[in-house]
Amino acid sequence: RGAAADDDASATPNVSIMVGGIDKVIYLPAMLTERLGYFDDAGVDVDLKTEPSGASAENVMLAGKVDGVVGFYDHTIALQAQDKCVESVVQLAKVPGEAEVVATSSDSVGSAADFGGKKLGVTSPGSSTDYLTQYLATKNGVDTSDYSTVTAGAGSTFIAALQNGGIDAGMTTDPTIATAVDKGLGKVLIDMRTEEGTKAALGGLYPAASLYMTCDYVEQNPKTVQKLADAFVRTMQWISTHDAAEIAAEMPADYAGGDPELYVQSIKDSSPMFTTDGRMPEGGPETVLDVLGTFSDTVKAKKDDIDLSKTYTTEFVDNAG
Amino acid sequence: MTDITSRRDPHAPGVPGVPAISLRGATKRFATKDGSAFTAIRDVTLDVAPGEFVAVVGPTGCGKSTTLSLVSGLEPASVGTVEVAGQPVEGIPDGVGYMFQADAVLPWKNVLDNVALGLRYRGLRRADAEARARDWINRVGLGGFEDRYPHQLSGGMRKRVAMAQTLITEPTVLLLDEPFGALDVQTRELMQDELLTLWSGSGAACVFVTHDLTEAISLADRVVVMTAGPATVKDVVTVDLPRPRRVEEIRLTPEFIQLYKRIWDSLREEVEITRARGASRVA
Amino acid sequence: MTDITSRRDPHAPGVPGVPAISLRGATKRFATKDGSAFTAIRDVTLDVAPGEFVAVVGPTGCGKSTTLSLVSGLEPASVGTVEVAGQPVEGIPDGVGYMFQADAVLPWKNVLDNVALGLRYRGLRRADAEARARDWINRVGLGGFEDRYPHQLSGGMRKRVAMAQTLITEPTVLLLDEPFGALDVQTRELMQDELLTLWSGSGAACVFVTHDLTEAISLADRVVVMTAGPATVKDVVTVDLPRPRRVEEIRLTPEFIQLYKRIWDSLREEVEITRARGASRVA
Amino acid sequence: MSLDTQTRPTAEPQQVPAPSPTFRLFRSRASRRRSTVALVRVLLIVVWLASWELAARTVIDPFYYSMPSQIWDRLVDWFTEGTSMGSIWSNMAVTLEEAVLGFVIGTFAGVVLGIVLGRARFLSDVLAPFIKGANAIPRIVLASLFVIWFGLGMSSKVATAFVLVFFAVFFNSFQGAREVDKVLVDNARILGASRWAMMRTVILPSATSWILASMHVAFGFALIGAIVGEFTGADQGLGLLINHAQGNFDAAGIYAGMLIVTVLALGAEWLITRLEQRLTSWRPPSGSELARDL
Amino acid sequence: MSLDTQTRPTAEPQQVPAPSPTFRLFRSRASRRRSTVALVRVLLIVVWLASWELAARTVIDPFYYSMPSQIWDRLVDWFTEGTSMGSIWSNMAVTLEEAVLGFVIGTFAGVVLGIVLGRARFLSDVLAPFIKGANAIPRIVLASLFVIWFGLGMSSKVATAFVLVFFAVFFNSFQGAREVDKVLVDNARILGASRWAMMRTVILPSATSWILASMHVAFGFALIGAIVGEFTGADQGLGLLINHAQGNFDAAGIYAGMLIVTVLALGAEWLITRLEQRLTSWRPPSGSELARDL
């Protein structure tokens, strides 16, 4: 990719960004920035692509097929364990935006301590929902081998699993959380969509949704990255000053699916997770490393060698504004 | 040759007076590619009584096989009526046996299973069916080849398997389309014997398509000569030679020679018409 | 019948003295299911000179088709040597034409394309190939049926298509496996004429399998009688009747009758052996 | 026992130019049959939709199963208002283009390789386990590899469609090439067919019905491939539309997307059937007679 | 022009009991051929693995493409230590069970429906568009619908495997039933075959090579179906293992998973080939002679 040649403050560089599910509420700032026209204002031509199913977005970026990814921060650490340098340039969320939802039919789960012998849903094996579930269980004295992990996906499959007893509880994001609650199928047990809830659950903040790029790209295209940072930071500020209904109104109409009210509700529930300035929250990376270092096979082996300072930079958000 | 009993068997099936096969103005047209119709046979009217043996001769491609396919119920007539045992033909009439001109034995069954097929279809127990099949395999001279598959047989052997397959079901209406064409002269005579033995005892009506006039005359009660295509019945020659007949003897008798000449002349005309038509059509 | 020129054509292809076909102790075995070998022909030794017409007769299933398949190079001999024009047979020898006993015309090509096939394979331009194919279609009496597909033809018509398909390539070694079995007597004679016309002009070596002794004697220079299977050459009868021959005349001559009787006796023995063997094997 | 010997008219024309009444009868019977078929089909659809709608309004939860009226609304919406990923037509065009390309390339490669290996015993013996093993590789895994290899453009989706189409066509062409009647091959060899002429005039026509049978399945597969590819990473296409609906609990959207895919497949199917009719026009008019009695 | 008239021995036995030297020669030639095939296969694998390993150590990035030595380590690890989802054997057993069930049910349904519709013209005319349309429904979408309909247990994966297998087998059985030689059907009708006997003795054997050809593809499809189903929602299985590896940037894990799937497919393939040999033992020993010259 000849992106380096475009790295000129006056030119309008082309950047392609892969979003790990463009219509997920946790990744909403990406589409919102485009809808608000902030990319154009910042002088960057962004091509948003969606990759609905998780981890291979990073592979695609590392293979040079896209320039940036909007995804979970924890991937930067996992990748460093594989000697790949990827850094978060704008941190969109300071908490995972996930919640452990318990089926209403199963009243035996009152806290994470009751996970033993239960079927716990995650979106896919090896995802952050998987690691967070393991972390929560262990922290509450339940060994990971005492419960069974079930891949339940997100969306309807998760809801159906809750309803028909395929899982007793599960970790997922909005709008699945809001839908489950709305349909009376589940209630939120551990809410990691807010700062307080996350701190209570994990003992610290857990930075999640972020824009990350390869270190090489950042080094070679600082001006382009700066433009992206400018645009994203404006969006984060805009989010913090508008309410859920206003945000929902900016999004493409069909993102609301069949039920606009529910969509507003899920934005409302989830918007506290967003940062207001795009900065990495204090202590966040350490929590993430703690979680991955305990449960991810690849990270576990190299836990002590991980250099967290190479997994994110605040240089660009500092300059934004 | 075997002794042949009277050809009007008292135990013959079928209602007396009702022909076993009755074609009335039967016409068969095939759709061709350009949508027009090709007439294969035209206005064929013919009755065959129970217990009667009719040989059919005609120029190649005139419509003999087509006529048999109407009687067997495999193809419906376009115009006219076809009746077997007094019933209009719809689907395959009961008691019809048809030995096709083309190879029709099942390639995935060995000789024994192929011959036993008709009996198995009729619900006979395997052991019984096989016992009778073995008997028939010997009659057609294929003893020892029971477990061969058709592709391991010569052309003439396959024909004999088909023959046994058809005769084992003891049909009351027997249609044979050039059954002995691929056999050597002697085997052919042995098979003719077998056929006559079966037929004379059973009172079945038999329609026998052949190109061999000697064969036609020595086997049949009547020889039907068909015209050039679209075929219709041109001539019917009654063979009034006494049965049992010894081919080698009668073929030198004046009656035989006269019959032969009559049929031959009748047929030659038609063949020449066919031929001339083929030539003129291109000219 | 057409006038037939001298049977030793001076322009005959092939080196003089070198036989067109030469089988030396040729044996063919087929593997059977239980792993043992079935011997189809045994120790066949036979030479056919260029320009010679040899008819082969033998009991059904004895191994006539197998012999032809060795000469054509389609099957390798198990033991012994097979040479065509002095060269050991490996793959299909040049100039071989083989009309199969089974239907072998391509079902997806119409009559015209089927007949033109050999010429097209030899790289002739379409227009030329079709012109010659049309000529051949008329010769076999199928004018007007050029655009029919095989399934729309009668059995005898398909045989004639196969005949034209083989003859159009003007083979120097011509193998014919019961070519006229499905034809009426007259058409058969017309085809025999055609065949002789082509053959006599070309100096091709011709091997002709038939069950019709009259046909064998009236066409051939020599008649080869094969034994009961596994076949080997039992008897070779030289037919010293002058050419051109008129079948209807010669068949009543004492020479013809004597030849017929000699071949017939020789063959009958073999057929009886075949038959007895079939019966004994089951007993 | 009676018999009428007919005197034959001097010059009966062998071809009957104008269709006789019987023939017209045949034809009208065929067309009556066609309309019956259409009627039964429509009836089936109506019954199915009505019972679905009814069930969704009473027993089953339209949250999961949606219902025809909602699907219809969603379709109307898409076609009039467009979707969040641009006009529905351009989404359809993208998916169709990917599928068609994958289909064409896959069919071509499948036929060529299938026929060649079908006739080359040694080569096929050597390669068989590799091809069979490759066929078992899950296509979703492949799809993500393709994105890495070929990027996010059209090519990765075409590649996914290709691998689905290829195997379906390959195995049938392969078997078709093996099933050719030996006597036809022998005859062509005797007539002097070169290797290439043999392929063209004997093997390929004989394997045609095998190849066509696989093509019927294959276009559906090509669409699936394109959609799987889009699921793995894309910016437009029906796959994204469906995925988007999945992420938003929009059951109506899922079914509407599937419906559009189905319609596309049926369109392609129609074209393949036309092709089939042309290629097999030499056959006896298929066994309707026969099927009636069976 | 010479000719030797042989006097024939009195009683030549028609069956040669002991294989003659020529025959032994044939046989040893065949076995030599088999070992050549095996050799070339092994050679191909070795060359491929070696060049992969070499490339991964020099030019290409093993992060994406992994390398044989890493994959081997991962496999050893899985088989000795187990995986994060329990023993590798139990994961294999789960996936295999799903695939086999889906394969068996799908094949059975495909053959029965294919043969019946292949011989029942009216029914097939009516149902064809529905079946063809259904075939175009993307299986990943179906997989998530199945999870909704059937839950997270085995049945949803079996259903996914089923839909993949069914269509592959159906279309071939259908065409196979149509291709039956008309004269064989006519002959059986004349001989008095009932509808059922016709199916059993004529249609089914004649369609066997069609059905078997589709079964070769179908088991691979069944495995794919099981894995897609597991991707969508499951608690054990090879699909999850691969998905887990994907989630952890573990290329070696992905390829190791695919390798296991391939080996399972080849095992099943071997069984199907055995079945094929039994069912088609009546055929002329296939055209090796012929293929040699082509």
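Things to note:
To keep things simple, chains are lettered A, B, C, D and E as they appear, and every chain counts its residues starting from 1.
Here, contacts are C-beta pairs under 8 Å (C-beta built on N, C-alpha and C of every residue); 3 or more make two chains touch, one makes a residue touch a chain.
Just so it is clear, the model here is predicted, and its values are computed rather than measured.
Inter-chain contacts peak for the pair D-E.
Among the remaining chains, A is positioned farthest from subunit C, on the basis of C-alpha centroids. One finds 41 Å separating the Cα centroids of subunit A and subunit D.
As a whole-number value, the distance joining the C-alpha centres of subunit D and subunit E reads 21 Å.
Taking each chain's centre as the average of its CA atoms, subunit B and subunit D sit 45 Å apart. Among the residues of subunit D, those touching two or more other chains are numbered 64, 144, 148, 186, 189, 231, 246, 284, 293. Each of the following residues of subunit C touches two or more other chains: 33, 38, 102-103, 277. Shown for subunit A are the residues in touch with two or more other chains, namely 56, 59, 63, 155-156, 160.
Of all the residues in subunit B, the ones that touch subunit E in their complex are 72, 74, 92, 96-98, 100, 102-110, 117-118, 120-122, 149, 151, 165-166, 169. Every residue of subunit D that touches subunit A in the complex is listed here, in rising order: 63-64, 70, 81, 83-84, 144, 147-149, 151-152, 231-235, 240, 243-253.
Touching subunit C in their complex are the following residues of subunit B: 30, 32-33, 38, 57-65, 101-103, 134, 137-138, 141-145, 147, 152-157, 160, 178, 181-188, 190, 211-213, 264, 267-268, 271-272, 274-275, 277-282. Interface of subunit D with subunit E (complex): residues 33, 36-37, 40-41, 44, 64, 119-122, 125-126, 129-130, 132-141, 144, 148, 167-168, 171-172, 174-175, 178-179, 182, 185-186, 189, 195, 198, 209-210, 212-214, 216-217, 219-220, 223-224, 227-228, 231, 239, 242, 246, 254, 257-258, 261-266, 269, 284, 286-288, 290-294. Of all the residues in subunit A, the ones that touch subunit E in their complex are 54-56, 58-59, 62-63, 78-79, 82-84, 119, 124-127, 130, 148-153, 155-157, 160-161, 164-167, 296-298.
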